[in-house]
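Here the chain labels run A, B, C, D and E in written order, and each chain numbers its own residues starting at 1.
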Amino acid sequence: MLLGRVAGTLVASRKEPAMEGFKFLVVAELDIDGEATGGYVVAVDAVGAGTGEVVLYATGSSARQTVATDRKPCDAVVMAIVDTWEVDGAEVWRK
Amino acid sequence: MLLGRVAGTLVASRKEPAMEGFKFLVVAELDIDGEATGGYVVAVDAVGAGTGEVVLYATGSSARQTVATDRKPCDAVVMAIVDTWEVDGAEVWRK
Amino acid sequence: MLLGRVAGTLVASRKEPAMEGFKFLVVAELDIDGEATGGYVVAVDAVGAGTGEVVLYATGSSARQTVATDRKPCDAVVMAIVDTWEVDGAEVWRK
Amino acid sequence: MLLGRVAGTLVASRKEPAMEGFKFLVVAELDIDGEATGGYVVAVDAVGAGTGEVVLYATGSSARQTVATDRKPCDAVVMAIVDTWEVDGAEVWRK
Amino acid sequence: MLLGRVAGTLVASRKEPAMEGFKFLVVAELDIDGEATGGYVVAVDAVGAGTGEVVLYATGSSARQTVATDRKPCDAVVMAIVDTWEVDGAEVWRK
């Protein structure tokens, strides 16, 4: 999984029928220090994350291992909201 | 999923029999601000996207999770046409 | 899928038994304008492509979705020979 | 698999129910000489690794091939603690 | 698949039980001209490759498509020892 910040949302009314009802989040990738890398992903929301929250997202076939995304053409899912992480004993970020 | 702009189409008459009948789109990858990154992918069209449209595409095994692409040697699919997205409360793009 | 040019062939007499009989192609990756990127992949040939031809190749689990490569330790397959593609209405390349 | 150093841990109380009970490790990627590359991954711990240990991690669908992570939305797992490795006959690192 | 040179071996006594008995190879990635790229992977050996040999390796779920690695948390496997390859009619390398 990688760390990301929910930067915003995306609307797509014309889409694969299997993707109806999903909320798409625009997620800016963070590095190990919590800084934006410039990378991003558009992910399905599986945990009710809001704009600004720091999250974990899974990509590839693992993104289909939730009840909602099973057998869907979805390759990225936000599967956790991060409370805190630490590097070498120092807290990098806290919600 | 990543954002892309449909830059054009591709024709391949000699191909895996399982790929007959698909429309191949040449998709230029966009960054979170809607600018071209220089990257691209050739994707199967699952939503009837036309040249110039901004789309979402899924890659890897997730690209096979549509009725059309099931069990096909296809690793990228356009699965939504984007209406709009926003970053930090500001609309980046609207169709 | 990505665009590539068949740059040459590779011989490997000692290999996983499941890979016997495959033709390995050395494929130089092309960008959206048909220029070499410097990247490459060694792919199994599923369409009878020859050196110099421009092809499409699929990677990852999708590379196993042909009759020949099913359940084989193969992560890249040439699955189409490209006739032509266009970008923004202009033909980039024609066979 | 890639080499990494366990840099720290991550806590996420709100997450996909399937991910309850996992320990998330923040793993800094190492190069072939044991130096940090700047890359990282957040991985599930399958071997009881502690902060500072050098480990191997697997990504993608292979990260779900443990009893703990089977059918979970998990795309990275620490699956071994490294004792030593050598390059061209010289030991690079020993635990 | 990508080209690599077996640079050395890796020992990990504490690991996922499913990974017992495997030989881990440290493989330096090669480019299309046979030069080291600086990249690497730690792969399971499926063909009895020795240090210094030039090999092909498969990654992702394809790395589990050998008898040995089936359903194992393994994302890279050496599946062939390269005899020779050529680019544009010129032999790049011969064993």
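We take it that a residue touches a chain if its C-beta (ideal position, glycine included) is under 8 Å from a C-beta of that chain, and two chains touch if they have at least 3 such contacts.
All figures in this text were calculated on a predicted structure; none of them were measured in a lab.
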{"item": "Same-residue or different-residue interface between chain B and chain C, half as cut-off", "value": "different"}
{"item": "Distance between the centres, which are taken as Cα means, of chain E and chain A, whole angstrom", "value": "32"}
{"item": "Whole-Å separation of chain centres (CA-atom averages), chain C against chain E", "value": "20"}
{"item": "Overlap residues in chain D, where contacts from two or more other chains coincide", "value": "60-61, 63-64"}
{"item": "Chain-level touch network, classified as line, ring, star, complete or other", "value": "ring"}
{"item": "Round-the-ring chain order [start: chain B; next: chain C]", "value": "B, C, E, D, A"}
{"item": "Chain B-touching residues of chain C, taken from the complex the two chains share", "value": "1-3, 31-32, 46-48, 56, 58-66, 69, 77, 79-89, 92"}
{"item": "Parts of chain E lying in touch with chain D, wherever the complex brings them together", "value": "7-16, 18-19, 24, 26, 28, 38, 40-43, 51, 60-61, 63-64, 71-76"}
